[in-house]
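Pasting the structures in now, so scroll down.
You will see two complexes here that share chain A, one where it goes with chain B and one where it goes with chain C.
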Partner chain A sequence: MESTIVPQLMITGLALGAVYALVATGFYITHLTVDKVNFGQGDFVMVAAFLMLSTRSAAIPVMLAIPLVMAGMLLLGLILERVAIRPLDGRRSSNVGAFAWILTTAGVAFIVQNIVELVYGKSSQYSPPLFSSDRNALVHVFGMRLVVEELLVIATAMLVAALFYLFMFRSRWGKNIRAVAYNPDAAALLGIDTRMIKVAVFLVASLLAALAGVLIGPLVTVQPHMGLILTIKALVVAAVGGLSSPIGILAGGLLFGIAEAGSNYVDSTFGDLYPLVAAMLLVALKPSGLFGERAADVR
Partner chain B sequence: MTTMNKVLASMALACVAATAGTAQAQVKVGVIQGLSGPPAIVDFGESYLQGIKLALHDYQAKGGKTKIELVVYDDEANPQRAVSLANRLIQSDKVPVVIGTVSSGNVLAMSPIFQKAGVPLMAGPAVVTQITAQFINESPSYIFRCSMVNQFEIGALIDWSAARYKKIGLIHSTTGAGIFAANEVQEGLKGKGMQLAVVEAAAPGVNDLSAQMSKMRDAGVELVLNFHESYELPFRALARLNYKPVIAGPWGLSSTKVPEIVGKDAVEGTVMGQALDVTAGRAREFDERMRKEYGSAYRWPVVASLGYDAAQIVFKAVDRVGKPDPAAIRDAIENVDGIEAMSATPAKPFAKGDHECVDKKDVFLGVWKGGVVTRLP
Partner chain C sequence: MSVDVKRAQGRAAPLAGYAAFVAAVVALPFLPVSPFVLHLAQSLCYTAIAVIGLNVLLGLSGQMSLGQAGFFALGAYGSALAALRLGWPVPVSMAVGTAVAAVGGAIVGVFALRTRGLYLAMATMAAGFVVEILSQRWVGITGGAMGLTGVPQIGGDAATFLALAAGLYLVVQIGADYVNDSFAGRRLRALRESEAFAASVGISVRRWRAVTFTGCAALAGLAGTLFAHQSGYVGSDAFTIRLSISLLIAAVIGGLGTRSGPLLGSLLLLGLVEFISGVEKFGPMIYGGILLTVLLLFPQGATGALVGWRRAPSRPSAPTERATAAGGRGLSLEGLPAGTSLTVESASKRYAGVKAVDGVSIRVAPGTIHGLIGPNGAGKSTLINLIAGLYRCDAGRIVIGTRDVTTLATADRARLGLARTFQNLQLIEALPAIDNVLLGMTRRRSLGSDFKDWLLRRDFEAAARTEALDILRFLGIEHAAPCLPRELSYGHRKLVELARAIAQRPTLMLLDEPIAGLNTVEAREIAHAVKQLRGLGATIVVVEHNMEFVMSICDAISVLDHGQLIANGTPDAVQRDERVVGAYLGAPAESAEVVA
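== the complex of A and B ==
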């Protein structure tokens, strides 16, 4: 066994873990503020990956393509909030209405998936590297052969977690969001535009999906059904890290990614099963996750 | 024209129309295919259906005397849905013959229904060996197949591999088809007195096989047999691992999607089971026509060619019978002759006791060479 293989596999695991963390951070911000998550967050990542594919096919430079993809995803986030979240606002008191967002966000995800299938077909697609025309563009780091996007997605997830932490706990905007999370009526009385905050958190979640989609495309084979597994794994990551802190979610994502890579190396037949079983045990023993608080409602 | 004359003229016209209607009998042919779900299923289903549609076009152009209408359903790679569609085609649509489907599990689930109902099923592009074998001793068997057969392509691969390589590894998916293929490979090599150096597996929806392929590399595996339905995944890990084994596997590796995703250079020299040689004769012409007809949506020549051949056999049998009589159509399929096949299907594909279009002698190995799959020398 080459001495570099273990760290190389760990970085591959970290990269996928970083993608899960980006998706799960989208869950964190909306769950914190409006008690809802987008069950199609993984499908939003898929849409962003396909949008990036389109911009690359149209020979649009990467630095222009990324903002274009983000703009597209902002629009999708806006539509999601308008059609799948806002209409349910007045129905929280009914038993059905309280959880209707699961159906509405999953419904939007199915619609989006079908539109992508109509536009791009149902097959798998190749998404080229961001900064090279060579399919196998690699960088050599301490003897390891790494894909640039692997390093980029890990760095991005770390940066996002740090920025989120500062934003949520050090900025006025973050305080406004937390105020809406604690008590929207009181926040409104204090002059905070609660409607705007509620829209903004879904836009932020869509931007995170855009980042994940741009970076994951060159690492995997892009296809219209790739979203569901991302959503499921991001939910697991959120449960492992705890839904109360972006740093906890990052740690949960990276741990889960490493566990996946490691278990696939040890026993590939059940490689995906062991991390999920470990996550279940962990949540059973510590329901608030590794970095969550003991209180049931972290707000 | 008086009112009475108008009425008489209308009645006369109606009689002429009715007579014309009986002159060309109409028969519905059912098609069940996997047209939605995972890309590996859809690529097979759409390609096979493309072949069926071209065959219908050609049948009509040649002036077939029986009007044939396709009734197409999508089983979504779901066995329950396949069973439900089989019942619907038999009871509601009253089709006398059915073609389908991708997933071997779905075919195994619905074939007893067709056998019991006495409605012929032309299975394809499912590959699992037992599909026709389990009914072949029935008198009569209503289950036929026009597709690759696992046993034949694995047999050809084993013969070739065992003669050339000492260290052979296997990667397979954890689906039923993947596990079944892995068992056949292991049994085949055992028969040659060989053992696999490494056996690795992966779930169908995984994104990365670096861990599995690194174990192949560390074990010094020269040939990797790839039976994971995301055919491109083993290739994607190779550059990172600085590893260049020969890769071989089932006919799925001949999908044009594989070089499209991993690059022509990466697949050069990759070997697979094959039943179509597009460099020669009718197959070449077929390949060109399909490219014109479907453009970039045409991505799997061998699957499309077997879909075409399955359909032309069924249409010829239906045309010979001329009415929706399942038993007569079954007999006509079994005795059909003079097929100008695009795939390696012989002119007389079936006989009593042989319900496979493609037999062991018809399966050969193909190899990616210069962006085209050619016959392995």
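== the complex of A and C ==
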């Protein structure tokens, strides 16, 4: 084994892990506020990756392409909330119980996936790199050869995460969102438009999916069926970090990415399964995750 | 809200429907139908087996699984490999396959015990995904996408396989119907409402959840074994998340929590699959569209739509009866055990530095009504939950009668004779009032004789129902027996909850704010009923804010403030206690004197 392989794997893992963390942060904000998540979040990432691919191949510059993709994903998030989330309000005691949203959001994911498949075909595609001229451009640091693209993806994802925390914990909007999460009725009495907040969290989640899609494109091959596994991994990441803790989710994502890069290197056949199984065992042992708290079920 | 089909149809002897099914299966091969129809009939039977499992899991116990395809695959590979590689006879290999799936279910079931809701959905989806990947890539064992070929088939002709699949389906359907109608169905539905509630009526939450999850996985596995031996070929393509979602679609589309839902839903699913095979390109879109349509427009599913169309909602027939009924007519109750004493010895409970209950000692004499009062945040609810077992004491002891229950779980305390009602009212919304009362009763017959009665007698659980009706009559709401909780007034729902507590034959009752939200007439009914219960020897602890109510019914009162016991005694003595007056008026005793 080359002595530099470990840091290289770390960087690869951190890049993907940072993207997983962005996807999982989308789960965090909607789970916090309305106790629901989009089971098609991974498919939304896939859609964003394809939108990015299209805008790039239309020779639109990156700095214009990203806002376009974000706008498209905002629209999709709006549709999701309107079609799969809002109609279920006040129907908690339906037959499917509190779980109808899992199936409705999965339903939207199926439709979205099918449309992408019809438009782009089933085959895998390569997305051009965002930052460097060449997918495999390398930079030499202390004798290690690191992929420039990966380093910049990590940096961008960290920036997005930092902006998200500022938004969530420093801005008035974030305060309103947390107020609605804590007690929607009290928040409404304080003049917060809870209806709008409940829509807004899904828009924020969609934006996070958009950025994750933009960033993941150059790291992996893009294909219409990549969404499900992204959803699963991001859910596991969120569970490991603790769904109630954004810092935990970031840590969980990075840990998971590194573990995955390592185990993929060791075992190319089943490498992606080990971190998944390990993470599930961890959640079974510590259901609140590494950083989360769990309230008892006292109704 | 689940439509209770049994109630809508009256209780027809279940045998007739089963006999009709057997006749259809026996007749089918003799009819001029194509082999394709026989093949579909086979598929229908095993699909329905898997869907029945999901129906019990999601429709009754309220647990979500997005990974049934994984258990289906475990059953299929288990049976196929045992028959193919080990040469075991097919019936044995099928048992092996089912067992493998059950073991897989038990392992994932660890999650079912530790987590719920979103986490359980995630865990089952991930487990299904792991099995899917293994079946694709572990080519040495599974053959991957090329699959296993030459898996021994059953009997050799389509009719034999159909008979086997139909027979197994029938057994599973009968078992599920029994679960649906019997004590087990009530308990699973209670679990679905809330775990704290289920534990409070003596249900071992963990055991029931684990057994349900494992059983449901075993049923998916059994379906998988039949699939493996149907055409002699097992390929990994069959076991994707799409199968898990398909089974969920079948369960929902048929009508969750209904008896005939799984068969109907499986039939619709197979029709859908045949339809989609013509337009494969749009497959996922059609699945997604159906999920949205059914969940948003027809959440009751096909069975619910059919039954809802036949049945107008039942209305309580007699609001007039209420006036005469007010709070019971002094009827006696058979078999209410004599009340026992309750001793709380310097119990403490703190949350994150706040002492919610701080060294409180209370003694409740047998056969008395003991009030627990105090301003908001005084620690009353915490104390009630410490006694009920929902919380554990940080220090101190709880003794019921002579038994120290400090470390016992809620369900064990309930089985020792502790019954409670909830501040925010806990009833099974999907079942009529009388079934809610039955939930409180323990099964007093063996499982076998209960099952036999269910299968053969029209008056299943007749004795228990009579008893439950007696309790409802005692509380003056006999007419509410066939009504769903949502069809009743708030006051009557509270009475139904009280009836359930009485049905537990408690030696100690905890009533948490029994008249909160009631009007004065309803409050008087409750007061009357509670006094009647004391007359029958019950020991009752009441938490309540309404002073008039508390002072008029209690033999003794304990007053809490800031987690501490500040007064204890008869209503008169407590009312005159300066500290109590101070706690309630927020004024120190001295300034009260100055004002006076």
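We adopt the following convention: the second predicted complex is superposed on the first by the 266 of 299 C-alpha atoms of A that agree within 3 Å, B and C clash if a C-alpha of one lies under 4 Å from a C-alpha of the other, contacts with A are read in each partner's own complex, and residues count from 1 in each chain.
Definition applied: contacts are C-beta pairs under 8 Å (C-beta built on N, C-alpha and C of every residue); 3 or more make two chains touch, one makes a residue touch a chain.
All values derive from a computational prediction rather than experimental measurement.
Undergrad: If we overlay the two complexes on their shared chain A, which of chain B and chain C does A:Val108 touch? Say first, second, both or neither.
TA: It touches chain C, and chain B stays clear.
Undergrad: So, does A:Asn183 touch the first partner chain B, the second partner chain C, both, or neither?
TA: Neither partner.
Undergrad: Looking at the overlay, what does A:Ser57 touch: chain B (first), chain C (second), both, or neither?
TA: It touches nothing on chain B or chain C.
Undergrad: With both complexes overlaid on chain A, does A:Ile229 touch chain B (first), chain C (second), both or neither?
TA: Both partners, chain B and chain C.
Undergrad: Of the two partners chain B and chain C, which one touches more residues belonging to chain A?
TA: Partner with more touched residues of chain A: C.
Undergrad: Look at A:Lys122 in the shared chain and tell me whether it touches chain B only, chain C only, both, or neither; answer first, second, both or neither.
TA: The first partner, chain B, only.
Undergrad: Using the superposition on chain A described above, determine whether A:Thr269 touches chain B (first), chain C (second), both, or neither.
TA: both
Undergrad: Starting from the residues of chain A touching chain B, keep only those that also touch chain C in the other complex, and list them.
TA: Dual-contact residues (chain A): 117, 229, 269, 272.
Undergrad: Going by the contact rule at the top, pick out the chain C residues touching chain A in the complex.
TA: For this pair, the touching residues of chain C are 1-2, 58-59, 62, 64, 66, 110-111, 114-119, 121-123, 125-127, 129-130, 133-134, 137-138, 192, 194-197, 241, 245, 248, 252, 255-257, 281-285, 287-292, 295-296, 299-301, 304, 385, 390, 424, 426, 429.
Undergrad: If you look only at chain B, which of its residues touch chain A in the complex?
TA: Contact set of chain B toward chain A: 35-39, 42-43, 46, 174, 200-203, 205-208, 210-212, 214-215, 218, 230, 232-233, 236, 239-242, 257, 260-263, 266, 297, 299.
Undergrad: In their complex, what parts of chain A are in touch with chain B?
TA: 1-2, 5, 8-9, 12, 16, 117, 121-126, 135-136, 138, 145-147, 219-221, 223-226, 229, 261, 264-265, 268-269, 271-272
Undergrad: Quick check: in the complex, which residue numbers of chain A touch chain C?
TA: 31, 37, 39, 83-84, 87-88, 91, 93-100, 102-104, 106-111, 113-115, 117-118, 228-229, 231-232, 235-236, 239, 243, 269-270, 272-273, 276-277, 280, 283-284, 287, 297-299
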